[in-house]
Amino acid sequence: MTEMSTTAFKDNVTRALADDKLQFAMTETGPRFIAKRTKAREALPEFDQLRDQARDIKDHVLDHLDIYLETYEAKVKEAGGHVHWAETPDEARAAVLEICRKANAKMVTKGKSMISEEIDLNKHLEENGITPVETDLGEYIIQLRNERPSHIIAPAVHLTRDQVEADFRRVHTHLDPKRDLTEIPALVEEARAVLRQKYLNADVGITGANFLIAETGTSIIVTNEGNGDLTQSLPKVHIVLASIEKLVPTLEDATTILRVLARSATGQDFSNYTTFSTGGRRPGDPDGPVEYHVILLDNGRTSVLGTEFQDMLRCIRCGACLNHCPVYNAVGGHAYGWVYPGPIGSVVTPALVGIENARHLPNASTFCGRCEEVCPMRIPIPKMLRHWREKEFERHLQPTSQRWGLGLWAFMAKRPRLYRKATAIAARVLSNQAVGKGRLKKVPLASGWTAFRDLPAPQGKTFHQLWKERRP
Amino acid sequence: MSAREMILGRVRARIPRGPEGARREAVERRLAEHPRNLIPQRGQGDIEHRIRVFTEMMLAVGGTVEVIDDINEVPHHVAVYLRDGNLPARVRRGADPLLARLPWHRGGTLEVVEGPAVDEDRASVTHAFAGIAESGTIVQISGADNPTTLNFLPEAHIVVLESAALFASYEEAWTKLRSLMGEGIMPRTVNMISGPSRTADIEQTIVRPAHGPKNMHVIIVR
Amino acid sequence: MPETSPRVGLFVTCLVDMFRPSIGFATVKLLEDAGCTVEVPELQTCCGQPAYNSGDQADARALALNVIEAFKGFDYVVVPSGSCGGMIVKHYPEFFEPGSTEHDEALDLARRTHEITSFLTRVMKVEKVEAQFPARATYHDSCSGLRELGIRNEPRKLLASVEGVSLREMTDAEVCCGFGGTFCVKYPGISDKMLEKKLRHIEATGADTLIAGDLGCLMNMAGKLKRQGSAIKVRHVAEVLAGDYETPPIAEAE
């Protein structure tokens, strides 16, 4: 598993921009997500009203989170399930390992879970002699590659089919070299056959949770492949990994948010499989897990409550902000260097790993606002990115040159007479250098600009100079 | 202090506090009343409308639907569906009373076995708890009547849906569930299923099936 | 349209002031043609966006107070930029405590402030402009104007009334060009990749002229088009609406 590389953002970006396969994958798939969402949204006139309600539901939960957590816990216990509270990734990993050990687990199947990535669970299980098998196709592929997901809902979106074929041929040693795997359905069929045996043989199934319902003590997973259901239905033990902000009050509230989730994520009206799980096997149940455990993880989320960053806890991890982000589409998810990429990742990551370790992320945005425009939970992402920049500024984390440049500019801009003189000189100097060309190929201290583009030259005099001349 | 106390303590310290009684009351009221939020118009209408919308939505996600008038005809339609799909004339079902009562002999050579699904099963038939017109969704609840594995392991999943249980929206299914189970109580698993299993994880190209059923066939009984 | 001649303060913007005064004069012409009296307060410098987006709240606030002061007493404040307009309209009020005098003044300024094309169409009810401009044009929606101020049809409607202009839409007209203020110099590689995609869509339209409403985005796009040797001319929407085809296009001498 790749380690955290948020501080190496610039290097990651350089690598990503030079990666032809990545660039091909991003160019091909990015627009597909956008077109699908647009179609789903246009087919549901109430969509934007549902977004408002979804936001209000989560705001209400966050304002009463302590009570909802307690209520939820009591309901899980009532249904025969177990709740394990974890402040840190360490505690969460330990809780999972203990449950696996009690079950004498050798192999665990896993549905898609961002919390599992956040706590780096697979590595921990492997170190302790337990084999984790990712069953979501995208997660399975990146597990074979020892990579992190590059997208919240499409973990292997950075890869092309020929890369997947190469990985399958490398790992699935049973494969006949003559078998044609050039088409995507053949790759899916191969994964289906291999994973089918894993589901049937697993000792423990681990899934994430899209929501936790306080009213009933229920966890919800949303998938299209059916892998999550096979993961949680066949083994004797089901472990749910969830963070504390996943709470919603009632079935009705979960339903409202589900109506915006799939549409925002994949452009489906509803995902193929939406599964509500409450406790373990009941008397008379011929199948299903005997034990049902929920790990409730904090990992820094409580430190966001009550701050200007609280709104990020409304996030339902649909990935719409990634799909619509021109920066994400330029560099892919791995450049962000940790678990959560894209606009929401640039908000969440500094909160979970510290702004001093992730200062580039909130800066790598043009504030184009498309993320906020599409967010089903109406999270003001640009605003929160700006709040991170404020923290960065307060703590003097920016490079000195940048700080000085900004300081000098602000000093002038606050003194209109001085500013007039300085801009008049700058405009004249720059335009003189560009006589007959209208643009400059190189400008001192502006290599960031002129690396890829010319600088259009000033026309000569400033507007204020000309205004005085023409309208004395 | 335990992790539980630490986490709850931090939550309490950080969220804006009103009077404790009023906060608890707000939560309790919401949970007890579970008010409905906005319900889209799409599924709303008489049974013909609901059948039409359900069918349209289910077809759009790769499922198939047929509408019949006589529940006793189900075995025949199951047999025909399997034959047309080149599947063996064998189907797995749970202990569901409605399914158990059906005249399966009308399915000709159709073999019906009971119990949770096993890997070898090619087809299953379940009795839906509800159908949702809005998105072409089937609602299944776990238990001996309709074991959860029937929804996922076999490659063909046939669902019998009575028109009286074909609702406009999910909310009506919740009402039905509460009247069956009681307030605040859920079956072990509730599965909402909208079409056969799919994936788009390679190059955002949709492929069916992924890990679950390849075909989903809904027989609506008027 | 207001009955008497409204008194309009022109917020020039720092980029137009220093790089391209012709946009300012085109804006003045459009306002005067629409029946406004235009003044240019001397006190103005920059809206403060560079400071605001760099996390420097104190300077952003100081500059906001300066703009508020400079434009007291005008019926309207008009800006040839959706970005600076968005800053004043959407963000200034957030700088100050609700209930404070500054907050009231910021709200008052926000209510009076408009981007040029939306001012002409929404406030002055201008249906068409009297201008000629020969151009097979495509229009890029700058992000702030589009998403903060909801400007989309306004420039297109006015451009359609210019004699000689034909508009063809590019794919992803509403996607960022990669400018983003200091972003484009802090992360030039990402900015360039975004710009590359944008230019491909522009070129695919076959347009000979690229029009947008924000000089920052225009300088970004023109800078790369010219670096690549493209013949596409780049213009601010106000220049086209004012029929100013004599001023050389952005980044060109002739």
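When the chains are written out, they are named A, B and C in that same order, and each has its own residue count from 1.
One rule holds for everything that comes next: a residue touches a chain if its C-beta (ideal position, glycine included) is under 8 Å from a C-beta of that chain, and two chains touch if they have at least 3 such contacts.
These figures come from a predicted structure and were not determined experimentally.
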Farthest chain (mean CA position) relative to subunit B:
C
Closest chain to the overall C-alpha centroid, by per-chain C-alpha centroid: which is it?
A
Pair of chains ranked first by number of touching C-beta pairs
A-B
Distance from subunit C to subunit B - Cα centre to Cα centre, in angstrom:
53
Find the geometric centre of each of subunit A and subunit B from their Cα atoms only, then give the gap between the two centres in Å, rounded to an integer.
29
Could you give the separation in Å between the centres of subunit A and subunit C, each centre being the mean of its C-alpha atoms?
33
Subunit A to subunit C touching residues, read off their complex:
10, 13-14, 17, 27, 326-327, 330-331, 363-370, 372-373, 386, 388-394, 398, 402, 406, 409-410, 412-414, 416, 419, 423, 426-427, 434-439, 441, 446, 448-449, 451-459, 461-464, 466-467, 471
Of all residues in subunit C, those that touch subunit A in their complex
12, 14, 16-22, 24-25, 40, 42-46, 48, 50-57, 59, 62-63, 66, 143-144, 147-148, 174-176, 178-195, 197, 218-220, 222-224, 226-227, 247-248, 250-254
Per the contact definition, I'd like the list of subunit A residues that touch subunit B in the complex.
25, 28-29, 32-33, 44-46, 49-50, 53, 57, 60, 62-71, 75, 79, 85-87, 91, 135-138, 141, 154-157, 159-161, 164, 184-185, 187-188, 192, 195-196, 199-200, 214-218, 224-227, 229-230, 233-234, 244, 249-253, 255-256, 258-259, 266, 268-282, 284-288, 296, 298, 302-303, 305-307
In their shared complex, subunit A is touched by residues of subunit B numbered 2-4, 6-8, 10-12, 14-16, 23-24, 26-27, 30-31, 34-38, 40-42, 57, 61, 94, 115-117, 119, 134-137, 142-144, 147-149, 151-153, 170-171, 174, 177, 184-205, 207, 209-213
